[in-house]
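Two complexes, one shared chain (chain A), two partners (chain B, chain C).
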Partner chain A sequence: MKTTKTLAATLLLVGLAIPAQAKLRVVTSLQDLASIAEAVGGDRVETSALARGYQDPHFVDAKPSFILKLSRADLLIVAGLELEIGYLPPLIDQSRNEKIHPGNAGYLDASTGCDILQKPTQVVTRAMGDVHPYGNPHYWTDPENGRVIARTIAARLAEVDPSGKAAFDSNLAAFEARLTAKEREWDAKMAPFAGARIVTFHESWPNFAKRFKLEIVGTVEPKPGIPPSPTHTLEIINLIANEKVGVILVEPYFDRKTPDYIAEKTGCTVVTFYPSVGGIPEINDYFGVFDHDVDAFVKAMIGKGTR
Partner chain B sequence: MTAFQILLPAFVASLILTGIHAYLGVHVVERGVIFVDLSLAQIAALGLTVAYLVGYDIHTSHQAYLFSLGFTFIGAAIFAFTRTHRKTRIPQEAIIGIVYAVSAAVAILMMSKATQETEHLKEMLVGNILSVSWYEIGKTAVMYSLIGLFHFVFRRRFLLISLDEPEAERQGVNVRFWDLLFYMSFGFVVTSSVAIAGVLLVFCFLIVPSVAAMLFSERLGIRLAIGWTMGAIVSAGGVALSFVLDLPTGATIVATFGAALLLVGVYRVVARGPATV
Partner chain C sequence: MLRSMACTAALALLVAGIAAGQESPPPTPTATPTPTPAPPAPAGSTGGASQTSNYFNPSVSVIGNFLALGGQNTLENLPGASLRESEVGLQAVVDPYARADFFISFGEHDVSVEEGYLTFTSLPADLLVKVGRMRIAFGKVNTMHLHVLPWPDEPLPVVNLLGGEEGWVGTGVSMAKLVPLPGDVFSELTLQVLRGDSDGLFVASKRSDLAYNAHYRMFADLSDSTNLDLGLSYGLGPNGTSPDTKTALGAVDATLRWKPLVRGNYRSAILRGEFFQSRRDQAGGTVNASGWFLSGEYQLAKRWWVGVRGEASEHAADAAVRDTGEAVTLTFWPSEFSQLRGELRQRRYGGPNSVSTAAYTANEVLLQLQFAIGAHGAHPF
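Presenting the complex of A and B:
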């Protein structure tokens, strides 16, 4: 595998173009989107993701292969809502691939039609921190949004490759059926903790919380990338004690020092929550994200009561 | 699209950066103000942060650029006027370090009180050489040629101050004034370069070729020739390596510079023995 890759890269270095393939080449920013596109596209597509699931999706260091993938892509699927603004736009320009420019058929913003939270136009109900201009970009953490994403992708694939419409439709039906069954399983596991109050490190879990009826009462980070001030940390410590918060959810790429410190002072548990496919090798598809996170949550909450 | 097309802009940008930085690096190393570029880049970033918080789009508006340039010139003034000579024992590097730490901290403080989204600000300030556009390359080439011309015209004064400051004072040169001009032009270059290539890479372009050249010669012309040659070869090698191994391009070039310096250093010791020339 690795040898093949190096070989291919070496060939390209000498200036040879990769021969055309019959499969649709789908490039996604996130591995989650690649997983869904693969489920829907089946063997008619060849997917690859730019960011790895263990990387902070806001900060991705561009590699030459990114431009190469983009230049050969038939369809680019992004999370949108400015999640990729830090690295993707110049790479799209660099790829000189007209097809995948925003506005063309080869560019798909997966947030279309999804339940997006924290839009400034929406009434902000709780103290959810600062407001993102287009709403919270971590929307795929609600499996129902995963369903919407799958439908959007199926429709777009059929547009780009009309001869595959029947295949995409039947793949979509299978994906949705599996998702419905899985949702029942996750809901059952999470039901005992409905109404539980939680603290998260970053503003990435409002969709997950809404879906599983959790209440996010605060974030460890006062602002993304800004170290917590002593006042803010103290507020969170008091909040956790007063609101009987059981867990702090932290993504694997954030520094656990402050959450661990808060946990030590309050007795709550810090849980590593993986937002994406590929966060650890065991999470190898979109369903795996919830399988892992739901189990981790349940394990941490056992014996803590719901409130 | 071939690998060549993907990598060409990054390579050409590297050549332009090598051209000006290998020259400025000679001054910086001679003056012993190694970290001055990091410090100026940090002040420029603070300027952009202020512009952003005031409400300018930091990518498209001219005001934002003027903010960062203005802050850089303030930094240049600080460095020119705190030049401490041998009378006080405070080294210039101390001032440079203080300016760096304080401007970095102030930027964090300002972002923490901001009401806007600041999530992407950090990465917006630091460029990635892989995604440089031909327009940026053209613009930078013109600007750096003008700066290069300016330094060429006044080369005797700039070099005299960098190489032999007491002699410059004896000749009645207004050292502070020329220092201000030096740091202003330097700050202008560094600010633009960091926006293209990022802090680490710019630091390497500035220091490594100049240090490698010092291993072999004391003559300025030869040092520049060695620096430029090394910069060009290492840039090409680093860009190609980043493709073959599929690694982030900027960091790969930096590591290649490190390896090249090591090789050159070993060659210098083995070939000529440790004695000085």
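Presenting the complex of A and C:
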């Protein structure tokens, strides 16, 4: 009798506990989006990212193990602007998960509402290299776009899991408050370098540059996705000397050989700039990306002046 | 009779599946459709009707495959230079339940539908169903289009045991189901029921002559940078040498990939191999023939790859004839959309009654130029 009662009580408890514990499974293409989704979703979500923060987000393999993750996902969040065009569409098709198909509630394009730069104003062709016809997809490198992404995610989470709306709203408020405080800190550190001219390896940093008032005068790649050529490298060396460029920003997944050579010829500094969460273990959330990059930039610019 | 019933039953199951797929999910709250950013308007465009009607056109791509050969080969006597294939891809979502993919293969003088199929993407029970004409999931290389192969040519076991360079292409129904395994191991079982003909391999003399294929695939990430892909296949179909004679096929395929994620744009390696077995009933008895290839490719720099391949295969109709070969390749990618490849190849062709002594040796150089225009959908891994 007692056993029956205990059993019944246990069953009841388990029955009550399951729905409370069933977390929304959120899969994202980038670790940055996972970090923001985690901040907004709190303990109601379980996030996982497909690409690693230290990997070139343009060239991710469409591994079947990703199909498994997608088949169980309640929400898929992508950077959009065709950043994932090389691997995600066939994975979504093979996921057997209708929820996450574009157009359904379980598919969210995080670029919605963000400040997107470099939207082509003329007809694009591949003679321009690996151009993105919908604009530059590295938009999360502006923290204000991070704020927009957080709001978009909070709204969508509330749609998929209406009972969590209050929690998502309060998590979002906390994220935004922290972001505002952090932005003041980053702005203060970067203010002395407003107007500084920089060179980057790839066209990944226009949003970062706009936010912190830097001027990108050239890229080490002659065209997006095309590796450095001797002629172009020479042009960049001259440009750096003429424009008094202090730093070259290079993502961890690009070859340092050419940037290092340019630095040797010109005296400028090559800085490894991490575009994403997880680029190194210390960068473990979205704020960490800017904490690291801002400090690295400031350190490299010491003694270089702004012009 | 039984076989045509099997086919009908498969189709009936499919229809039931689609219907269930449409009804079963609880009504999800209608989402605000994610606005797709409008493509940049061409200069001078006023928008309006003509633009809207273009919007749902499929993604169109053309991949050119130019092949030039040097050296002599009287047995596989390909022309000195040819635009071997122009593959036109037309791909789009059909409706909320399915997508369609067409790959039309143009030779210099002829045209064929290499693939044209509908994929039902929202079926219940972890099913993925394809209906139409498709490359059959027999082994790994057979599923790959010419332009994604790591060589300019098909390896010998495909040529000798699957009916020629084209491999096994079939028309029918394909059903793939995820089979749950512990951990994050991907596992999928594919069953295919097809019309019983494929050039050089199967011949259907009547409607009820069908071909079947079963394929099981396992994929596991061994680490962030290394993964292993394994496949087992079994195929069966009528070979047309007399009524009711069949060819049974078996294959084992393995692919080991290494790509360190941080340096993955500059360094990676792939080791792949397949073993085929063919058991062909014909006048005079059953012929058991087998073949294999082993290939390694190494990426030296962002745009440079080297590769090496060994291959050997008996002939499906006469196992006493055994061909062997070796090849080395060098590939340069000016960009993601074009590719220049050279291959030095030696093939030793077995004579009619020779088991191990080579009857004819061909030394050749193959030069391949491939180029893609348009929006070609990403290929399955």
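In this section, the second predicted complex is superposed on the first by the 275 of 307 C-alpha atoms of A that agree within 3 Å, B and C clash if a C-alpha of one lies under 4 Å from a C-alpha of the other, contacts with A are read in each partner's own complex, and residues count from 1 in each chain.
Everything below uses one rule, namely that a contact is a pair of C-beta atoms (placed from the backbone, for glycine too) under 8 Å apart; a residue touches a chain by one contact, two chains touch by 3 or more.
Note that the structure is predicted; figures quoted are calculated from it, not measured.
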Which of the two partners, first being chain B and second being chain C, lies in contact with A:72: first, second, both, or neither?
first
Kindly classify A:112 by the partners it touches after superposition: chain B alone (first), chain C alone (second), both, or neither?
second
So in the superposed three-chain picture, is A:54 touching just chain B, just chain C, both, or none of them (first/second/both/neither)?
second
Looking at chain A, does chain B or chain C touch a larger number of its residues?
C
Is A:99 contacted by the first partner chain B, the second partner chain C, both or neither?
second
Regarding the shared-chain residue A:267, is it in contact with chain B (first), chain C (second), both, or neither?
neither
Of the two partner chains, chain B (first) and chain C (second), which one does A:253 touch, if any: first, second, both, or neither?
second
Looking at the overlay, does A:192 come into contact with chain B only (first), chain C only (second), both, or neither?
neither
Name the contact category of A:222: first (chain B only), second (chain C only), both, or neither.
first
With the touch criterion stated at the top, can you tell me which chain A residues are shared between the chain B interface and the chain C interface?
59, 61-65, 67-68, 71, 85-87, 90, 93-94, 96, 130, 133, 225-227
Okay, in this complex, where on chain B does chain A touch?
1-7, 9, 108, 111-112, 114-124, 128, 130-133, 240, 242-244, 246-249, 251
Residue numbers of chain C touching chain A in their complex, please.
21, 25, 28-31, 33-37, 39-40, 42-43, 96, 99, 119, 121-123, 126-128, 178, 184-186, 188, 217, 219-221, 224, 227, 229, 257, 259, 261-266, 302-303, 335-337, 373, 377-381
Chain B contact footprint on chain A (complex, rising order)
5-6, 9-10, 12-13, 15-17, 58-59, 61-68, 71-72, 82, 85-87, 90-91, 93-97, 130-133, 222-227, 229
In their shared complex, chain C is touched by residues of chain A numbered 52, 54-56, 59, 61-65, 67-69, 71, 80-81, 85-90, 93-94, 96, 98-99, 101-109, 111-112, 119-124, 126, 129-130, 133-135, 159, 225-227, 252-255
